[in-house]
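Chain IDs A, B, C and D follow the sequence of writing; residue 1 opens each chain.
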Amino acid sequence: MHKYVIKRLIMLIPVVIGVSFLVFFIMSLAPGDTARTILGEDAPIEAIEALNEELGLNDPVLIRYGRYMMGLAHGDLGTSYKSGRSVFTEVMSRFPDTLKLAFWGMLFAVVLSIPIGIISATRQYSLIDSVSMVFALLGVATPNFWLGLMLIIGFSLHLRWFPSGGSEGWKALVLPVITLGTGCMANITRTTRSSMLEVIRQDYIRTAKAKGVNSRNVIYKHALKNALIPVVTVIGLQFGSLLGGAVLTEAVFSWPGVGTFLVNSIKAKDTPAVLGCVIIFSICFSIVNLCVDILYAYIDPRIKSKYK
Amino acid sequence: MKKALCTILAGAMAVSLLAGCGGGGADSGKGEGGAAGGSQVINIGINTDVSSLDPHNHNDTASAYATRHIYSNLVRLTDNNEFVGDLAEKWEFVDDVTVEFTLKEGVKFHDGSTLTAEDVKYSLESQKESPKVGHLVSMVDSVEVKDDTHFVIHMNTPSNALISSLNHSGCAIFSKAHVEKLLAEGKKIEDEPMGTGPYKFENWTPGASFTLVKNPDYFDSQRMAQNDKLVFKVISEDSARTIALENGELDLLIDVPFTDAGKIRDNDKLALDEYVSTHVDYFTVNETKPPFDNVKVRQALSHAINKEDVVIAAINGEGKAFDNYIGEAAIGYYDVVTKYDYDVEKAKALLEEAGYGDGFTFNCYVSNAKRANSATVIQANLAELGITMNIEQMEASTFYEKTGNSEHDSCIAGWVANAEPDNTYRPLFTSGNAGAGGNRSFYMNPEVDKLVDDAAVNSDKAAVQKDYETVLKTLSEDAVWVPLFAQTGLIARNADLQGVNPSPIQMHDFYSVHY
Amino acid sequence: MENKKAKKRSMTMEVCQRLAKNKMAMLGLAILIVLVLCAVFADVIADYETKVVAQNIANRLKGPSAEHWFGTDEFGRDIFARIIHGSRVSLVVGLISVSVSLIAGGCLGAFAGFYGGKIDNVIMRVMDIFLAVPSTLLAMTIVAALGSSLINVMLAIGISGIPNYARIVRAAVMSVKDQEFVESSRAIGASSMTTIFREIIPNCMAPIIVQVTLSVASAILSTASLSFIGLGVQPPDPEWGAMLSGGRNFLRDAVHLTLFPGLAIVITILALNLLGDGLRDALDPRLKQ
Amino acid sequence: MAENDVKYTLDIKDLEVQFKTVDGVVRAVNGIDLSIQKGQTLGLVGETGAGKTTTALSILRLVPDPPGKITGGTITLEGKDLFAFSEKEMETIRGSQVSMIFQDPMTSLNPVMTVGDQIAEVIQLHDKIDQKGALEKAKAMLEMVGIPGNRSTEYPHQFSGGMKQRVIIAMALVCNPHLLIADEPTTALDVTIQAQVLDLMQKLREKYGTSMLMITHDLGIVAEVCDDVSIMYAGRIVEHGTLEDIFESTSHPYTEGLFGSLPNIENRQEQLKPIPGLMPDPTDLPSGCTFHPRCKYCKDICRSRVPAVTKLSDTHLVACLAYEEGTGVTLGGDGNE
């Protein structure tokens, strides 16, 4: 198991190199006058040229990439064109906020969705099943930025229960977390339900019942662990879309996270900053997927034996 | 005795607030605002974050909100568009290229040290090395220190822009000792910003907010802060910003969304301050590309666009249709331009004359939603003349690059004039700045170049005015732009808040704001 | 051979019958048919030049009325007409971007799964790199790089969906590749290409069909998201996400600007999901007993 | 049929089970009578879809509901009415008094629990014993079915099919049930393993004196392990008797057909005579005798009259109109052996 984890962590290196190449390449395709964006419309042409020279933007792409990779090899994510600060510092000063949002969003989604999914599956075709499935479908179908706006109108403007933006205190967390978590929640609920429905039709569940296991334990002791396998996959995948969704949610709620920083950096063509964000997001996503795979091993012995 | 007690109380409040470290930011000073001695925290809503707290490392409005309050400049601009001394007591032009300055006595930095001419020399000379604001002092050749309060600026060329530039936030004055200490420790200026301004830096949470606290030892008692703390909150989503103001999370809102202006006016608890800004949005064609090299076509476009509709669609009516090339409130504005009224028939006739009666197709680059809205109206207007305009919206960085490379047929851009007219006329209309320099019309007229050059150095104010008037007349006759609108400056606030003093060039000071 | 075809046909029939019995899936299908009809006959329902792009500033931000069923937008254009024409944009974006993902991802996945070994390793490691970047971010970066236009949006969403299809098709190919009919096809000397496209692909259509339905939905959602942060379709094209984004500043006074395009998105995606779920159930009879 | 209840471990009377599906009501079990004497083995024989598994699940009251429902009849377990028990009481009966071995050992074990835990779970559910003791007992039981005890910490995927079936047998018998239901326990296994498993079941059953309901379609197995045999067709028992009754004096045309489907090793020239046609659609059972569409002796009356049970001897019962007087139906002719 340890070997497996170490192997997977080592596998991160080619992923980081690949991702950095991919993004660097895409960003270099993009036309954009970085210096002008930083200096504003009123800066004279001499200042623009001086800044381009200082940032090394006049060099060919491959040289810039080489320089970037040299830095990366030493663990240096480079310096933001726009702020002149280290990208690592920039991203890390915002990362806790994004992580906070993602963590609570995921927790909100998981804590609600799994019980709802189980109840829906065990009472298939009941009222509670129909209601939760309609909500789950709506949750999947609703664009989260739209939901965010509607929540602001309802809970911030009319009811005045929660602030419309910012990140101070738990109250500011409520609406963004709901906005971010709803899509995930809907997806996980649906997966839990269908996975549970499939599992409770399995022969081993009948075996368990024939052994005299009561219906509660049939669900929680025998079915749940098996049903969780696809659910865990979905949670891992949802985490990726959660990071993507965080960009929009952060925009709607003026949340000071990496997503907002990333969008602004993309717009300003601040390549090192974009790369830094994407690399850190990717590492984060990969580590979450690794955790998912480790979790698999704990849930499913068939998978665990493959890791050895 | 009573006064002393008040001071002690205020001090105690400040300490407790510092200890609380912004915990209760939301419940601002509003409630206890009226009570004497109560701590006043003013929450200000802005739409973009600070990019840097080092005045030499930024050139944007949001960052200037922070640095202009922490640092002071040698000169400042009054409400009447006059330059007066800030740190400088006075100055005198010895000749075209030599200016003698006298500093105010006993100005203290936030760390208690006293400002000297050496600090000024250090600040201006290190500024020249900055790629971001070095250009502002490109005319400065050297700074010669006479004694602690006297120094001379030697210029390498005559320039009318020196004094106005010194008012720019990039020309802030640092403490030499402090900066050298920071650099020696391997830190950066922005790690511990410290100047002589009315506020001290407290903290900055990137992307979220930055906080300034009152400097009780500020040198200019007339401009002493009337509140205790300024908290700038970054809320990028328009509607959320307004809601934050309505909910009392903000006391003051600088970047008021145009679509919400009416709602703020109608709200008894809020007030909307309108001011004439120097912000102008314009539509321009690329004159290197036919048919736009034909002045008749440009004039036809000027007649074809319904600016009133543009004003409604782009800025929700919060401004007025405009015909000039520089904002009304700006230094360098003269009402001398040829006006083109909205007249579709005349436009048709001009197009016929030019030989384009059947219309043509071209692209229009825009870099944000507001300008895309303007473009959408123009698109519909031009469709009536059989002209097809394809709008391409892109990010600002892409816009700058593509228009700089002359890839556009036309574009919509905007301009906020600052205190120095040369900073408007030169980049926008001279041949040397065609393309990336700012002249996205690619308008190249040696006459105009000559006039702008003369206005920059001529010490005769009447001659400068005549130069600029001629430039404006020429531009409008050539129909270089279709100026679209001048947008009204808007600041929204809690109705009880007083002392808001907007600046036409958006360099607002907040020291006077209080309940 | 004949026998197999007949069997396949009867399988398809059976799936259709099962699908027809699923009321929710039929509802989804009905909505989609209405949408497609709207898209096809958009010009008959509302003229593009006069209703969709022509402005009437005097008549802006009007609420729903008999004349304008869904009200008018910030340029005084009829929102109903724009939504009808918007269905064209959404369906085109959805279909084309998914086709891009499906064709590119499907081929990569099929080769990886069929040949295995080194080819599999190389392809899937490259896919891992793509997968490591959350797809919204990838699409955003690509659109930012290529510039905002309908084609680039489709391309960006298409590219960011490739790894998903590569994975699904690879898994499906691997699961059928050792089955008898494939082996027999190879045994009678069919080339690898023929085997992949004639024998393997048709036999792993089930998960792909389901995935296509669901990813058309997510492509429409992604387009709206990109439009929302200003990386979308160009005006005056009536894309739902762009309409929603344009209306968000009027959210409080003129909710219909965001409400109707928002509902159009929700209903379309709901319909696609209903159909997708129904298809999955119909193709997987274990779930429906 | 039964005079003395105590004699019987299981006594089913007139059991009816229906499934409500979108295609209509499936009448899976249509009023069957079954009984097993203490320590005896009853074979329940029939084609796939005849309702055998449903009958078995009814005994455990595990017919999936919805869509299934027991709509009539009684099941008496050691003299007690099974349908009178609460669900809780049923839970204590399942696994201890009645246990069941399922058809497919590959899917009948929980893949995420060790086999030891799965066996220990039954013990803990029904005996007052701590976990450690239960695990010890589970290990002992594994040894008894021929699996080393130290493999109790392994997971099902680490075992072969035959081993898994042994685990299931261990699990079924660990609480000394009075009745063991074996639902085609060897169908999914290799022939060589089949014999081993059957042998093991027989031994253990004899050791504990357990009664058994052996569900199968394999007449070979029946001959080997059963005392009595019931032949089931379309939810009905068409013939019942001792092993000899069924094998020596086969009476029902369907039973006859079942034997005709077996290859005869002694006479290889003889052609196989499979039963023509398929099992009827359970939502739309034929009128009269449900077997009539496939019966080569079918007469008009068979299409309209439901056959009653005819007693051929004390032990031998058959439901065919040919044995009822005045029906005019006769067996014989070219199909008769």
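Details
One rule holds for everything that comes next: a contact is a pair of C-beta atoms (placed from the backbone, for glycine too) under 8 Å apart; a residue touches a chain by one contact, two chains touch by 3 or more.
Every value quoted in this text rests on a predicted model; they were computed, and no experiment measured them.
Identification of common neighbours of chain C and chain D yields A.
Comparing chain C-alpha centroids with the centroid of the full set of protein C-alpha atoms picks out A as the closest. Here the spacing of chain B and chain D, counted between their Cα centres, is 89 Å.
Here the spacing of chain B and chain C, counted between their Cα centres, is 45 Å. Between chain A and chain B, the centres computed from C-alpha atoms are 37 Å apart.
The centroid of the Cα atoms in chain A and the matching centroid in chain C are 22 Å apart. Contact with two or more other chains is made by residues 30-31, 149, 157, 251, 266-267 of chain A.
Within chain C, residues 144, 147, 248, 251-252, 289 each touch two or more of the remaining chains. Multi-chain contact residues of chain B (touching two or more other chains): 239, 395, 398.
Looking at the complex, you find that chain C touches chain A at residues 125-126, 128-137, 140-142, 144-147, 217, 221, 224-225, 228-229, 241, 244, 248, 251-252, 258, 262, 265-267, 269-270, 273-274, 286-287, 289. On chain B, the positions that touch chain C within their shared complex are 238-239, 257-260, 263, 306, 308-309, 312-313, 368-369, 372-373, 375-377, 379-380, 383, 390-395, 398. If you check the complex, the residues on chain B that touch chain A are 22, 25-26, 49, 51-52, 54, 57, 59-60, 131-135, 138, 188, 190, 205-209, 233-237, 239-241, 243-244, 246-247, 249, 395-398, 400-402, 404-405, 413-416, 418, 423-424, 426-427, 432-433, 436-438.
Chain contact summary for the complex, chain A toward chain D: residues 125, 202-204, 206-215, 222, 225-226, 299-302, 305.
If you check the complex, the residues on chain A that touch chain C are 14-15, 18-19, 22-23, 26-27, 29-31, 137-138, 140-143, 145-146, 149, 153, 157, 194, 197-198, 201, 240-241, 243-245, 247-248, 251, 262-263, 266-267, 274, 278, 281-282, 285-286.
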